[in-house]
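Each chain gets a letter, A, B, C, D, E and F, in the order it is written, and its residues are counted from 1.
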Amino acid sequence: MSTRYERGLARLAEIDRIQIERILTSLEDIAPDFGRYLVEFAFGDIYTRPGLDLKSREIATVAALTALGALPQLKAHIHGALEVGCRREEIVEVIMQMAVYAGFPAALNAFTAAKEVFAERSKRGTVSCRLNAAIPASDSVSPT
Amino acid sequence: MSTRYERGLARLAEIDRIQIERILTSLEDIAPDFGRYLVEFAFGDIYTRPGLDLKSREIATVAALTALGALPQLKAHIHGALEVGCRREEIVEVIMQMAVYAGFPAALNAFTAAKEVFAERSKRGTVSCRLNAAIPASDSVSPT
Amino acid sequence: MSTRYERGLARLAEIDRIQIERILTSLEDIAPDFGRYLVEFAFGDIYTRPGLDLKSREIATVAALTALGALPQLKAHIHGALEVGCRREEIVEVIMQMAVYAGFPAALNAFTAAKEVFAERSKRGTVSCRLNAAIPASDSVSPT
Amino acid sequence: MSTRYERGLARLAEIDRIQIERILTSLEDIAPDFGRYLVEFAFGDIYTRPGLDLKSREIATVAALTALGALPQLKAHIHGALEVGCRREEIVEVIMQMAVYAGFPAALNAFTAAKEVFAERSKRGTVSCRLNAAIPASDSVSPT
Amino acid sequence: MSTRYERGLARLAEIDRIQIERILTSLEDIAPDFGRYLVEFAFGDIYTRPGLDLKSREIATVAALTALGALPQLKAHIHGALEVGCRREEIVEVIMQMAVYAGFPAALNAFTAAKEVFAERSKRGTVSCRLNAAIPASDSVSPT
Amino acid sequence: MSTRYERGLARLAEIDRIQIERILTSLEDIAPDFGRYLVEFAFGDIYTRPGLDLKSREIATVAALTALGALPQLKAHIHGALEVGCRREEIVEVIMQMAVYAGFPAALNAFTAAKEVFAERSKRGTVSCRLNAAIPASDSVSPT
């Protein structure tokens, strides 16, 4: 039984169930343990730590992923940031500010990613992904 | 007369006067205009925008500079983050979280930088740099 | 009224109107101010400075974007480099040289981008984008 | 006559003929000399050196390309690693380990690339690319 | 009691006790939990996995740290690679090969780091760090 | 006898003898072949190609090394750029422009490097390194 895994999944349910299930599913047939580490270490160990609120954690992550140009993960965390209470405007400001530290191309590519996320969310309605969190997560994705 | 420059300097006085004056002084004999752009664009245009509070801006910057490994600038902004109200613990959490996105070496090198900043501040007392902001900034550093 | 914006747009008209209008249009509904900063700071402040000719500026930019792997922006600036007088051969040489500094993958990915630009330009004829510069730019894109 | 080129092509035939011919063909009309340097320097000079076995060389390359996010080249070298005797499991382990050094996004993007390579190879059967090496390589691709 | 931590420390004792104790000690007064995650996740979870031998793991790590320019960590892992059975020549070959993927500067800076490690080891004699592993590690460094 | 090596050394004598000899000497006891590849491939193959003048090549290199943060190599190539006819002002402009593409920290760190080079050259007089090129280079550094 994996307490860290459960703690990670619970934290993820607060952030964005849809995104993480996509990632875990895609890892299932190539590196299922890696999906488990992602849940356990990133979300069970780090994101559950006290000392920094969840919204600030997502702001830090959106900033870093913009600077690093990790666009698929940036899109997942823009969803996540919105779920934990960031306004679109705040995300736009974080990305814009990255032009100062990582250059204009990094910011421009992140804006393209953000537009896709905003459009996807507008299309499916403004219903939060967290509403789905009523369905227990541990059924569909479980560690090996 | 440069309104953007003045607005930038005023914003910088809220963040950390000592750090920016060091940078502007070091640029004076090689690229003084670049110091001006830094004040005008980064601090006059971006950091004065509404839509994201100053503390969140510094969290985003500490995250990005950790991920990019830009250590001299990271040290300046750890000072800045503390000046605008971040606790040391929050900075430690942001750096730690970057291990997930940019790898453990990026976080380890940032912790080395943070230790130096914390030690420097403990040595000179916990007096905030902003106390010095009573002395007008525009006297010592001015655009050409 | 924004002198820096106008100066930036004028400079951009010398480089490549089509590319920048695409970028500004794509930013309009997410971060229009960022489009303005791009014109004002990058093109109004930096690209209009004396001390380095425009062709050398584009060579520096093609080199950096190749090294950084910023492919959408690289494509825009290969267009730009050709518009300000670089020959295709010069662009190929800059990209090739980057294998020494950023590795062969960076150069290979940049060659893929360059091939797309060269093909696009051959298809639409060798007419320079600057010919379109007769139509005033300020009508379609203007700062808020 | 180019001994380094021939030595490079021979080494490449041991690794993966299909991948390198794709690359050389794509360079033919834009930078054929660059294809020659790639064969001569990377494969004729470096990959033929004693002191490190070919399998370890491919492990090093898969690690670096994962860390750098150079996905098209990573895919080519996952093919190559499998051709020189790496098991899929070993490639998965190398990618997973990169999460520690370059962050989880770098590893996740590399897993997406690895899945595509594994699927492509399963579809065309498990026949090694090296079987094709019976057909002399020097006919189709030759240095200028 | 932390089994992952103990497993990680045991693995580290096979690699290089001296290096990791330096890192854990430096983290003690700023982020002791981060030292624990490093031992638990990197060495307890990842480096103890079957499917890739320890020597290949160190080759992958030396390659990645060279490509990323993470020099303090590269030096620690050159020590580690030598401890788990890599010859100096193999490390030199890995670094050299990185010129192809990350450029000559990355390889040159890594050679500077490797020279320092080789010199340090020659000065203190060729005695392996692992000899010290007889002294139990858990006394001096323990998780909170 | 190595024609590519000789061609490379001759090209290097036009750029900056002092810098390259430092690099070759530092490689002698760890990876002498790597020094040879650097001369043969980077300077014998690439820098001797027609299609781009030497001054533009150095501008491209200064841009890329600024963007990549490869400071030791940047310093060597600022020397080189000055030797082949770039004015200090042009180098300052290239570095400044990189703030747009790689962020302000990259430019700031490059300015620190440039200041050191300018100071070193002022101290030893403005005598060009190329004057030393009268002393044949092949005596002190030769391929194995």
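The rule we apply is simple: contacts are C-beta pairs under 8 Å (C-beta built on N, C-alpha and C of every residue); 3 or more make two chains touch, one makes a residue touch a chain.
Because the structure is a prediction, the values reported are computed rather than measured.
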item	value
Where chain E and chain F overlap in contact partners, by chain label	A, B, C, D
Per Cα centroids, the chain farthest from chain C	E
Longest centre-to-centre distance from chain F, chain (CA-based)	A
Rotational angle, Cα trace of chain A fitted to chain E, multiple of 5°	180
Type of chain B:chain D copy interface by residue overlap (half), same or different	same
Distance between chain centroids, defined by C-alpha means - chain D, chain F (Å)	31
Separation of chain C from chain E, taking each centre as the mean of its C-alpha atoms, in whole Å	43
Approximate Å spacing (C-alpha centroids) for the pair chain D, chain E	27
Chain A residues counted as touching two or more neighbouring chains	33, 37, 41-42, 46, 49, 65, 68-70, 73, 92, 96, 99-106
Contact graph of the chains (line, ring, star, complete, other)	complete
Touching residues (chain side chain B, partner chain C) in the complex	33, 37, 41, 45-46, 49
Touch list for chain B against partner chain A, complex	41-42, 46-47, 49, 51-52, 56-57, 59-68, 70, 73, 89-90, 92-94, 96-102
Contact set on chain D toward chain B in their complex	99-106
Chain F contact footprint on chain E (complex, rising order)	69, 92, 95-96, 99, 103-109, 111-112, 114-115, 118
Complex interface listing, chain D residues touching chain C	23, 26-27, 29-31, 33-34, 37-38, 42, 65, 68-70, 72-73
